[in-house]
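Notes follow once the structure below has been shown.
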């Protein structure tokens, strides 16, 4: 109320002049907007933020932003981010990608990033499809979705449950948002960045090209999780009743984030002594 | 909304986000070679920026609070005059674009009218009423324009070419 | 794109051969795109030097692929005046420009589409018989309903009529077109898919990746019809290991991928080598390194395919020489894998995989994957990795009593028990190498044109074969005798056989599409090429055109 | 009781003459014994069984058995087994390995095998350590275990919860056993093989070389799960109270196992027609 | 094993150099093992032809590594009669056998250990000064307590006394041993670890694998002391990507692995090439293919290291030439990676990584990784992938204002924006190649012995360098002038520089430890070797010994 707004950078400052290749109408647009708004809201200097991604439509995010970016290979965004944060604790490190990138080829890193609890914010834009490669089923695709020639009749497999897995694997901040509710998404990103530890935000982000029926998400989502649980078991209980469309911050734990160990410094020349005979 | 600063903060955000969104949509359609719609969206963005300046002018001397993105009292998920992303399509026509713009202006009008009806602050009421009237003019203008752009045939979205996988 | 396909199919009805490749922008839908079509009265295996006719319905981002559309003063450019002036990159070529208001013409027809107007114009311009386009169109638009068809036909007619405004048009001599032959319209990826199916593949596991996905999509639909199945895996590490498992079970198996995916498969490929499990991996090459240029072609995964496994891991690398040959090479690759119990990497590339050709129906070939197996033996006597003269050891398929063994990536004794002994290591290494170097590949190791002719050889591979053949054709017409060798068996390279094919040659021109001259270095590493050697290499995405090869040979001929 | 035993093969028939390289006292010995007993109990013909593994001490199992075996590469046993079973529905396919093989490098395949529900029996011999590579921390190692030079002071990460993950990921049979209770382990293996779908048995199997303190497991385990839950939520509730040492079959679901789709057969020559112009 | 280490340390106290390698059975603990120790008054970089002395405390599974312990009639075998007759594989060598009842002698001492008795015997046999073994022993057993030390010392004495029963023993001439120099006892893996630390590495992520784990264990302890850290990753895909992330952050980073792990890293190595992120991957080679022979050495990952990436992906491959050189090469590798912003694969092998040597303290070298960086620039002007003359583009480190960019594995424009244009592709490919071919590597590309001498060159690499040097030494003593070139920079190979080193040579003998002649083929692919070329190649695990190289050269000399 006291001219505070003066100190807030403009969200547009976090948007680059590279124009997205995304299909007009794609849910991912709202995500880059929300990321920019969150960074502006927190007043983070662009040069102190890094945005890491893999491959996929969703993974194109970094180029559309003016922070440091790393558009790596498919499925490996989390390890890149982990290395960066462990080596550069001073940076704010965000990770973004899709359901294919994060839960299919990148599934193992997801599990271990949740456990490792490095202070990262991981945003998965889930559209239950591989957008970039022309619409194949992803881990979160319904068993009977027959929109892909690669899985005629549907993948026939129970969908992957991102939040359950994240909780089981030990993530210390777990939330769900919808790209059609950018304000809530922005809030979650702010909270996730401020949370010290691994934060996972599951964003329902429709692919209007291969999953046009996802336009109906807006009628399905309901903002239910108003208060994050601080107890994992409680969060699990909530999740056991989930229909996949509740949004909000489900869980916020308090385990300390992983950091490099600090040890008294030793000169390299002093290390030589161990070899001397 | 009974505080003038808060109200103006809303008005500023409403126009700013509207302009930014129209520009973003224009960019997106430019990438997809839809010049007709691009031109329309750019125009809308331009108008939003003009209105933004007007609102900012009226706000001179008023201390605007900083509201965090989720602290705005919007009736819906986004600021009312922000055209929704999901209503765009790469083959959309001017007709669709106008409908989208119209929807956003109508929401804007409804928002201001709602504030005017509920606020106890006379200054806010006056301003909101004025803004609602302005939006009403825009609505009328767009409605008029829309009549010149009849709906395209039902299969407008149909594309004989398959999608591309740029990986 | 669709218009290009219809044009080619119409030309096929008229007895022509054809090739269509596409060049696309980075957008998923609605992006800029170009369909490059070459038609001919002889089979067409590659693009020609110059684009005779460019029809531009708009100029959006033309600079992105101008380099892929070579124009000359002899070219004709038909453009829509409403799209603004002809861009500098195009105008600079000196091509003749004619204006046709496509958009306006289309707008005048209810539901008229610009690309259909353009299609009519092109068909008429080049002289396709009147009935062909409507005939194809009615098949294509059938399921869209009567109205769509009418609109389409009308638009085509409008386009045809517009030709009247253009004179001196590039026309095809249709009288040369062969008649009465069964023709196929097929993409390289579909041909590969059908080829492995013919070779006997009944299990596929894969992870989608551009430009290989179509192979998988075709197989996913086809396999269940022949009692097989396709599993969409969680990643390439899974897919390659899944096919190892299925093949261990006795079922011929394959996967398809592209560079980044192949990189993830090399560990398991080594397992296939060591445990002697036959599999086929089709790698459809795209621009590299790393994610590179996924939608464009390049021949730069050769090194990885041949050398990318750790340890001494002899395996087979094959390459298709044309779209039609994808079918043969795929079928042959399955045969080789099964016969030698070894992983085969088959290389194709985006330029042939995602292109579509009108070809003569390919000849039936007899290659079907058949593995040397054992049936029940005396207890404990079975030696899975028996040291045999051929190097191939009969394989027990699970279900065969008394022959159970453990397939192992650890070095092993003939029985399959892990061993660190130098003698076991040496004999297994010898055996694994012997089985592939001693195999009789017949004449299939290469496609040779002009065998024994002249003292100049052009050695090439993959999708450049067509350009090399075209170049040879022209050189011969100019009195320069050349032979073309397009290598289908890239590894193992057998020096004696290559030497034979090169007998009498004193000049070798190596033609390849890689920046690192990977093919030329591969040849050097394994062969002594006769006489002097020159390399004509360029990275993707622009393919090497026939005239460049002609120029390279002519310059040499002139002592340059 | 009625001479039935006559028809049962001898468990020894399933043991090969290759002598294990394992350290005397290693928990893995009991697992190969239990596998052999279970196969004998079910009277499965050796040639119709395949035992697939990755790399690790535990992954050496196949060579010690007389069924068909595939000792693949580190972490990839599950995909090999999946391919085999999908191509050869007639075989009984078992998968065996360690905690490193299965939950670290193989974590992604574990997740997706649970979801895919192919009819496999997966036995993980968990000793919370990488035995074969000289004792580094594995995903299930306690955060403060400082026995490895690679993680001085301990890995500092919350241990991986195999059963929770398996349940979250959709496994249709989840059990825990202890190598020191081979009868129960044998029973579980029999049940798992008979279960149609993906079965996961988590076996506490001490590494007496690098984790000699695990000898104390025998005093910690308690056979608590006498009746498998058939409802996933109920199984989860049980698990939320787990101390990591309860044994028994936790969950048995009834989702149908993944199988290749049967379609009317078509001759290859008939497929050609789609290409003809 | 411990006994071998104590023996070598004791020899070091006496001023000797030494080398100890180990050969182990497949058991995790308590398996059969052999410690192979070579001592000398000059630095020892490889094993000798013949084992002078074999002390066998038992014969368990001797056939597993008999091939690695060459014996001759001149050898002395000391064995325990209680272990039964000398096995045929040993007896066949004709070596002289002497019996010493180790077990009984040890049993007579409270808590006496057989290996300590054997240690005493060996030390005394070869004539180490009396005080040395007890001195090392007391350091080694210090933390085991007084009783253990007493038992150890007693056992050693008993061993020493047993020597009296043997005559004509192989003794070292200690008077030749240099004195007053600082000596280090170090393994190749420790040397590599210390080398990268000296080079500036402050972040490591890794997954354990034999025989590379010791590098990681050393660094895990050392890094926190210099403000760095090591992360144990979930797999190699994670570890390589983690170091890419850290290096992107400006912190020099590395990982260590072996064949199977390197296979999993190639996709991300390509990303490092395309996105120009410097990293070092040390690959400690073991027997391949696949899981192969994890505990044994081989030089068969060369192909994968050089060629294993998809697309045209120029990067650096270095190789240490000895245990001592692991330190230099590791440090240099970090320097190269940082200077050229490129991934460097450094190759060592099990034979040098897990062996321990007594060496002179290595000279300090100035190579420290230093990257060309930028500081704040005018907004939007920064071009991460600017096309420069050297090919190296200054890199912005996160935290630098106004220079934010996106590192990308997609092909890109100089600014870093994804591009599919032929011109961008060509210029970035050129630049990435140019930076490594145009770099000034100085004389470090090889270790050359006898530069300019004779007309015969031995070209080798890695852990065979010692044997080649020994062979050259002997050949020269026999009047045959040879030069030895051990290549430290395996890729890029620079033809001019190699040609210079080979000036005047008419015979080249390539010496390598691979079945597929990988090194020889690599040379062929990139160079024209002068005169005639022969290859002396053998797979692991038995290393090529000096006399085999001598024999190869001599035979050639005799026209065989």
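Labels A, B, C, D and E are assigned to the chains in the order they are written; within every chain, residues are numbered from 1.
The rule is short, and it goes like this: a residue touches a chain if its C-beta (ideal position, glycine included) is under 8 Å from a C-beta of that chain, and two chains touch if they have at least 3 such contacts.
Keep in mind that what you see is a predicted model, and the values were worked out from it rather than measured.
Asks: Over the chains that touch one another, what is the least number of steps taking chain B to chain E?
Replies: Minimum number of steps from chain B to chain E: 2.
Asks: Which chains, if any, touch chain C and chain D both?
Replies: Of all the chains present, those in contact with both chain C and chain D are A, E.
Asks: Which chain pair has the highest count of C-beta pairs that touch?
Replies: C-E
Asks: Based on CA centres, what chain would you say lies at the far end from chain C?
Replies: The most remote chain is B.
Asks: Report the chain whose CA-based centre is farthest from the CA-based centre of chain D.
Replies: Measuring from the centre of chain D, the most distant chain centre belongs to B.
Asks: Express in whole angstrom the distance between the two chain centres, defined as the mean CA positions of chain C and chain E.
Replies: Whole-Å distance between the two chain centres: 42.
Asks: Express in whole angstrom the distance between the two chain centres, defined as the mean CA positions of chain D and chain E.
Replies: Using C-alpha averages as centres, the distance is 38 Å.
Asks: What whole-number Å value describes the gap between the mean CA coordinates of chain A and chain B?
Replies: 29
Asks: Round to the nearest whole Å and give the separation of the Cα centres of chain B and chain C.
Replies: 50
Asks: Could you list which residues of chain A touch at least two other chains?
Replies: 21-23, 55, 71, 73, 75, 104-105, 107-108, 111-112, 132-134, 139, 152, 209, 261
Asks: Where in chain C do residues touch two or more of the other chains?
Replies: Answer for chain C, listing residues that touch two or more other chains: 26-31, 209-210, 213, 224, 234-235, 237, 260, 267, 270-271, 275, 290-291, 294-295, 408-410, 418.
Asks: Which parts of chain B, given as residue numbers and ranges, touch two or more other chains?
Replies: Those would be 31-32, 90, 162-167.
Asks: Output every touching chain pair, sorted by label.
Replies: Result of the pairwise touch check is A-B, A-C, A-D, A-E, B-C, C-D, C-E, D-E.
Asks: Which residues of chain C touch chain B in their complex?
Replies: 1-2, 24-33, 58, 60, 110-111, 113, 115, 144, 148, 209-211, 213, 286, 291, 294-295
Asks: Quick one: in the complex, what on chain C touches chain A?
Replies: Contacts found on chain C: 26-31, 206-210, 213, 216-217, 220-221, 224, 230, 232, 234-236, 260, 290-291.
Asks: Flag every residue of chain A that touches chain E in the complex, lowest number first.
Replies: That would be residues 17-18, 45-48, 50, 52, 62-63, 66-73, 75-76, 78-88, 90-91, 108-109, 111-112, 260-266, 268, 271-272, 275-277 of chain A.
Asks: How about chain A: which of its residues touch chain B in the complex?
Replies: Interface residues on the chain A side: 1-5, 8, 11-12, 19-27, 29-30, 33-34, 37-38, 41, 55, 132-135, 179-184, 186-187, 190, 206, 208-210, 215, 218.
Asks: Using the touch definition up top, name the residues of chain A that touch chain C in the complex.
Replies: Touch residues, chain A against chain C: 21-23, 55, 57, 71, 73-75, 104-105, 107, 130-134, 136-137, 139, 148-152, 155, 209.
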